[in-house]
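Next, two complexes with subunit A in common: one pairs it with subunit B, the other with subunit C.
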Partner chain A sequence: MDPSTPLTEEQKIKVAKKMYIAGFFFLPWLWFCLAIYFRKEKNEILQKYVKKAYFGFFVFTFFLLTWMAVFLSQRDRWGVKGDNLSVNIPYGDSNYDS
Partner chain B sequence: MSSEENLKIEIERKNEKTNNYQTFVEKTSETEIPSDSYSEFEFADYVDFFTRTTKSILVPVALSMVIVVFFLQSIYLQNQITSQEHGIRDLTVYHQNDSDSFQKYFFGSFLNAIIVISIIFGSTALLILFLKFGWNKILYIWLLLTTFVVLTLFTANCLLEIDQVLNFGIDWISFFIIVFNFSIVGIFVIFIPKSKRINQFYLICFSSLLAIEISKLPELTTWILLIVLALYDLIAVLTPNGPLQILIQESIKKNQPLPSLIYSSSLMLFTKIKYPIFKKPEKNIQNIENTVNETLSEITTLSETDNISTETISETDTIISKEKEKTKEQEKAEVKLGVGDFVFYSVLISRACFYGYLTVFTCFFAILMGLTLTLFLLAFYRKILPALPLSILIGICFYFLTNFVLSNFVKNITINQFLV
Partner chain C sequence: MKFEFSISLKYFLILIIILKFINSSHTINFDDEIYTQYSPFAAFRILDKTSIFGTTSPFKPSSGQLYLVETEADLTKLLNDNPSHTLVVVIDTAVYNKDNLEKLVDKLKLAGIIVIGGTIPATGFSPEKVYPDREADMCLHPNSDYIWNPYGTSLLYERFYIPIVYLLLETESEKMRELARANVESDKYPKNGADFQMFMEASIDSKVCLRRETCDPIGGESVWGFLGGVQNQSRPYILLQTSLDSRSFFPGFSPGGDFPSSGIVTLIAALDALLKFAANDTDAFYQSLQRDIMFAFWESESFGKVGSRKFISDVLSFTCDQWTNEWKTQCDDPKRSSMAFKSVNLSNIAFIVELGQTGLYDNISNYAFKSNGYLHYEYDNPENVPLSDSFINLTDFSNSQGLNISHLEKSDPATPGLPPSSAETFISLLGTQIPAILISDFNQNYTNKYYSSIFDNVQNLDLDQLQGIATATARIAYAEATQTLPENVPLEIVADQALISQLVDCFVGTTYCDLFQNFLGSISGTYFSSNYPGIYATDTISIHSKFIRDFITNSTNSTCDPNYCTTDEDCNSALQVCVNYACHSITAYFHPAYSNGVEYDPDNDKFNIVDFGLDHLWTESRWEGIELRSFQINNPSINAAMLVGGILLFLLYYFLIWIQKKKSFFF
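Coming up: the complex of A and B.
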């Protein structure tokens, strides 16, 4: 369970590939961790994975943030659907109903 | 210091075999070490090791405590719904009514604490059983499940509370994505550790989350739990046939590291001991000295580097082969502290923060003081030591002292405006 001894190049490529593929299952944070962990590597293949991971992370968080912004502002107008989707309904007046 | 003498003799032998160009006469004249200068270097090495390890262990403990206090003060105490907890209060059989006598209250809280401790004791017993039968996979699955539960359900609980207090509506989709990300990456990082920093970050988060949940127990139950745990830790680690010694013996027998959650802060120690007589100190010598400085503090993994100081002189070939393996790896000295210690330190300080900020600061310093004392004893004894009892006993003393003495003192000073 300890942080192990430094990995060899082949192991690093395997690990990077696994992390990259696993990140496609809605895991942008995993991509970010990949990019941060391998950012000082000089290997070309690893640098390619790092660039792809940065790109994927930014794209995914862009979509996630736009969805969150849309939801937060338009939740009132959606009526029942908005209430079903939301975790908790904040108290206070809403701009839509008043 | 027979281990040190063994080391010196090993170093000589190694030198003989590897330095072909140095003559035997030169070496024998160089190997007479005056005892005074050796003890000087030894002391400097102890002090160096001690100061570096204290910093590397105090900072994460302080961080986890600060996270717990911050969360509880800002979120949990603002929340109106504190009496309808369904988390860990389901474990308690006794709930306090105002009309109960003190004896009944005390006995009921004691019962609650015994339940939690029996869970801990039962899980160590199960761990020993699984190790003896060699079912390592079940152990890993069990640990995986606990980390999964803590990292998903407890974060979800905390995020829900944050939502209620900060009053922003979040939808299930983004909530799920955030919690899912956090927990899955946490499981990967804790069990397939690649990077030191993210591993440490996730272990601190794990211990904070667990501490936040355990601190929702009623008050007297937590105090009794902490005291009994401190005593149990003392007994379990230091008795020769206690559960910890059995676990370590099993792991030595099977030559496998124990699967457990341990925070390890590894330092690259390039020692300042250069025996002035060896004119060409090689990397191998420094590696040997690094291995002497490795210490253990609770349930830990035993690596090969620990055994070097106790190896006999006759096995020179095995010594050299093992050292050659080590020169490929980077030698490091580590201090390991179990995650359970983090959890119960944070539980103590969360109990202090329910009273007020004064107790938070005093108990914070008390816990760190206890931890430095344990580290000092560790550098002195070089055995596995229990990290809980000293800190918890000092912390509890400081808590009750501040409650009954310091808070009245500060109140009277402010009322009478003695220190304007």
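Coming up: the complex of A and C.
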């Protein structure tokens, strides 16, 4: 991307659309990038993308953080199922003591 | 420019090469200058199916300043002062007990506790419960509140979040004492500190840690056999048995004097007496038997009685998934090195004689016998009474003939019956009323003040007492097996006190003793004899188990194949083992002792949990290493001063550079 030849409106819309769709593949930070990158645009369509990206980012992060909190604190209580869901099980004491 | 650069590069390379030659290790290591290493016995983590016991250090080594506590006054002073910095308390064994440990842990900010010293607390100390194993499902009196072990504190069943270790070696112990004392004597820095690294990987309970492979089941190999290898399926047999293991708060060091070594030594000596007598005229001896004599040393009885349970459950219901060979003499899955146990008929047990703690001498009667024993049995089995009467008749008669044999008495009827013992497993599992008598040195309560602790050592044991019990066991076994009257039992059947003395040295003292060296060749491993069974390993046999099997096999005077051998596999027949570099017929077998709740999976080299029912599933946590180091600690204000000084220096340089940029004509 050469700063001496800025993107036209159409190109910007295409980029925004691609980023927006890609964000649905569990990439909330891509949405965040989209929102930050195009935050100063005046174009209607781009503004809509920015709004949708912000919304998607916050909602996804909310669910992600909730799941993380539940998983990390409750995983030991789930027995075999919990261990099967885990990529790495830390050694030593956990918060769960029967 | 380029020329200069390449010259300096050349010199640099030469310097590197020189350094490589000078410095033999790959890194420059200052650890030896800073740290002194110790070899502690740690109270490592042991788990059962619902709980965690023992101690652990946090993931990162925890460190603190040493503080010496040698008397109760020291302890009170420390608790009152309550210093603000993190401490490592160095506590002498004279004040080591559960109450003091708990006071320290509750009140102070501790990085760990180091137990040092050789003085044995005079008031007695036992980390076991007052009724050991009462909650286990094999106990015959689960609701009894009787106190067998009056010194019991249940310390073994507590969980600590800071490391606690024991320094056994006197050099290390005294060094630590000096370092800690130096801290108290002067207020000046640098002070002495220590840190621990013993992070325990297992968590939550045995089921979870076995699944995650952060722990291993506790177990070993029991040793059993029939005397002389003579086993006749159509007639009853007498079972002589004892426990092979014990534990302590620092399991790696479990000297196990009165328990279990006295029982082990007595049983080996009794069998030796019988085998020596049999060697006079082997055929006549074994033909005179009207009942066979079976002996057994059960391993891991302290951990849910798994030795006896595994044997019984194998005899009743073992099925092999994969045989080693077509003759079906060995099984690969589950691993059994011999299938001889299948020929044991548990309904043919005439009665059980168990040797409990037998080594403490208590002068109980006016006649000053050199050895005394009490008979414990279950009161609801009427056969126990005439049986114990016949034992007493025999020993009284032999005493009158001048032999050193124990004077036996029935135990006080106020006791609930059998104390915690392997006989309980037989009675519980076989459901029938098997007569079982336990011979011990205690009557109403354990006379052993240090049951299952680091202080239960050789000072507890009396050789005459042990010889008396061993002779009693041998003569009782002979009389009952051959159905001879007391007056006709040959006088030669007497236990050898010299052998007993050697056995005590080996089982309670050091594994580097003469007797072990003779039978097992060169010994490697821990110097101090420990009766803790350790984790079950399919291919290693503990020194104690191996010695017992080899000793009995050798004494049985079985046909000796003069072929030289070093391992069992060298002998031609599957029915032979290698003892003392010669092949002998097998007369004593190993049997695995580990929880019925796990089964070894040879394909994945791990233990899988199977339906364990009420079994306790004892396991030992894994760890990377257990280390204790001491070092010198600087005044903490020096660190603060360095930080502040460094920040000021940084600001000064920043200021100088800023000045230089603003007023560049100065420079």
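FYI, the second predicted complex is superposed on the first by the 90 of 98 C-alpha atoms of A that agree within 3 Å, B and C clash if a C-alpha of one lies under 4 Å from a C-alpha of the other, contacts with A are read in each partner's own complex, and residues count from 1 in each chain.
Convention: contacts are C-beta pairs under 8 Å (C-beta built on N, C-alpha and C of every residue); 3 or more make two chains touch, one makes a residue touch a chain.
As the structure is a prediction and not an experimental result, all values here were calculated from the model.
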Superposition on subunit A - do subunit B and subunit C clash or fit: fit
First, second, both or neither for A:68, with subunit B first and subunit C second: first
Touched partner set for A:85, first subunit B, second subunit C, both or neither: first
Subunit A residues touched by each partner, larger count belonging to subunit B or subunit C: B
First (subunit B), second (subunit C), both or neither touched by A:29: first
Superposition-derived angle with apex at the Cα centre of subunit A and sides reaching subunit B and subunit C, degrees in steps of 10: 90
Which superposed partner A:37 touches (first subunit B, second subunit C, both, neither): first
Contacts of A:15 with subunit B and subunit C, given as first, second, both or neither: first
First, second, both or neither for A:93, with subunit B first and subunit C second: second
Lowest C-alpha to C-alpha distance for subunit C against subunit B (Å): 6
Doubly contacted subunit A residues - partners subunit C and subunit B: 89, 91-92
Sites on subunit A touched by subunit B in the complex: 1-7, 15, 22, 26-30, 33, 36-37, 64, 67-68, 71-72, 75, 85-92
Touch list for subunit C against partner subunit A, complex: 50-52, 56, 59, 161, 199-205, 208, 211-212, 214
Footprint of subunit A on subunit B - complex, ascending: 160, 163-164, 167-175, 177, 180-182, 184-185, 188-191, 193-196, 198-199, 257, 259-262, 264, 266, 301, 329-330, 334, 336
Complex interface listing, subunit A residues touching subunit C: 76, 79-80, 83, 89, 91-94, 96-98
